[in-house]
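Some structures to go through are shown next.
Consider the two complexes below, in which subunit A is the common component and subunit B and subunit C are the respective partners.
And now, the complex of A and B:
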């Protein structure tokens, strides 16, 4: 085949989604990631973990990063490599993710006494994925990069 | 487009257990339906409450927060809570979050009813 440069071969394995910031669209990211991961050979339990992690990341981006402004986009990049799947979720940064959120381990006993019993999303992502990194995107938004390894 | 509100909640009684059937997705949109069903069975005097899932495909952290809210109420009202019909994945998530400390987790409805019976 012509034009089979390493760069081109790499780009062919990248899927990009641009989702409106409206709750419910995280399902589209979940379905796409799940379909790709199954085709890569991930076991069912790993695909389920990936679906939960990506849904939490996209939901955070919609709700907090973009404050549910449907005109703002959440950009999801899925990069399939030989031995891993890399998922990046970026918002447009209407609101910055606090560092405290990133490292908190919520406790159910404390949650009983709180009006807002949420705050489990980022912790779940960290527990379920093999590598997780929170950064600021070049555009200034919040970005989370998650990696799940394909075990032989 | 079906992007939200894909949950059907209904209640029934079986062997003195108030069964709340949850068919569909448990996300932020589920809050009112689940809380209404719980309040309904509680107002009828339910002591034993079973949340009966149907291998639901999508329960997210907002859904988990709603269920923690139910556990809070169950503790306050001195009821007993059990959960059945969760997929393996969500059984794992419920254990990770700590919900398993406050609600028996059973494979299916029959197992949960037997579990309640052993308590009484």
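And now, the complex of A and C:
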């Protein structure tokens, strides 16, 4: 559960980004998040992890959640706290994410045998971020909340 | 039904009204502009212009109140990259006579501050305050995209 004490809330700085559901715009989210993370003091390898995770999350939102309908938006919220960065990516839920996808752990051996080599995004996000949670956005769409801790 | 191109090629960014966050906006808009193949030197100009516009919004329009927000709307329309920077209008923009030139300022005839709008007008293809939808100031600037290399939107 999030800590909502007034002192904590005061320290939060939120950046909101609204992007069209078109592949390629994940680059804008990646560069915005990495710019913020660098200024917060994250190490280069952690910034790279963040960029990969946010790229996967936004790509999933565009391709699956919004089914590449460019009129639909992907909303990225970057919440900077003193000791962590919270990234929330929400789509408009043209297609609901199945719970089976959320906990999938793909096998590389099995993937070689498949024509479609995709399906690694959620697993990658879980590997790279410190906390990951899949929920429903207030708008009714899919939402992934990812947290990366700033280590001293 | 096809989606209008302006919707497919637009983005919105909302920032805390605090000096320093304009740097994040610079990186966001640079990534947006790169999608349209705009030349690197023009992207540097775009970043400078956006910084100046954001600093004006934070310092003047929002009067350095950190609880307020700065909204940035970017879109590609008729081969022009158009950016609106909107503040809360705590201090509405008022034209104050003819501003001193940079040469006059450097010569000591006035404060060295207040060069932002001059810089913006030199670097962008079009700039000025426009009527916004709310009470705040809406500063709009545009860059022509004649330098695009043909990559997709």
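The rule is short, and it goes like this: the second predicted complex is superposed on the first by the 140 of 152 C-alpha atoms of A that agree within 3 Å, B and C clash if a C-alpha of one lies under 4 Å from a C-alpha of the other, contacts with A are read in each partner's own complex, and residues count from 1 in each chain.
The criterion applied here is as follows: a residue touches a chain if its C-beta (ideal position, glycine included) is under 8 Å from a C-beta of that chain, and two chains touch if they have at least 3 such contacts.
Treat the numbers as computed from the prediction; the structure is a model and nothing was measured.
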item	value
Touched partner set for A:55, first subunit B, second subunit C, both or neither	first
First, second, both or neither for A:120, with subunit B first and subunit C second	first
Touched partner set for A:13, first subunit B, second subunit C, both or neither	second
Contacts of A:81 with subunit B and subunit C, given as first, second, both or neither	neither
Partner chain in contact with A:107 - subunit B first, subunit C second, else both or neither	first
Partner chain(s) touched by A:70 [first = subunit B, second = subunit C, both, neither]	second
Which of subunit B and subunit C A:24 touches, first, second, both or neither	both
Contacts of A:35 with subunit B and subunit C, given as first, second, both or neither	second
Contact residues of subunit A, present in both the subunit B and the subunit C interface	22, 24-25, 27, 30
Subunit B-touching residues of subunit A, taken from the complex the two chains share	22-27, 30, 45, 48-49, 51-52, 55-56, 59, 107-109, 111-112, 116-121, 124, 127
Complex contact set, residues of subunit B against subunit A	3-4, 27-29, 58, 60-62, 64-66, 68-69, 71-72, 75, 87-89, 92-93, 96-99, 101-102
Complex contact set, residues of subunit A against subunit C	13-20, 22, 24-25, 27-28, 30-32, 34-36, 39, 69-71
Residue numbers on subunit C that touch subunit A, as the complex places them	3, 7-16, 18, 20-21, 23-24, 26-28, 30-32, 34-35, 152-153
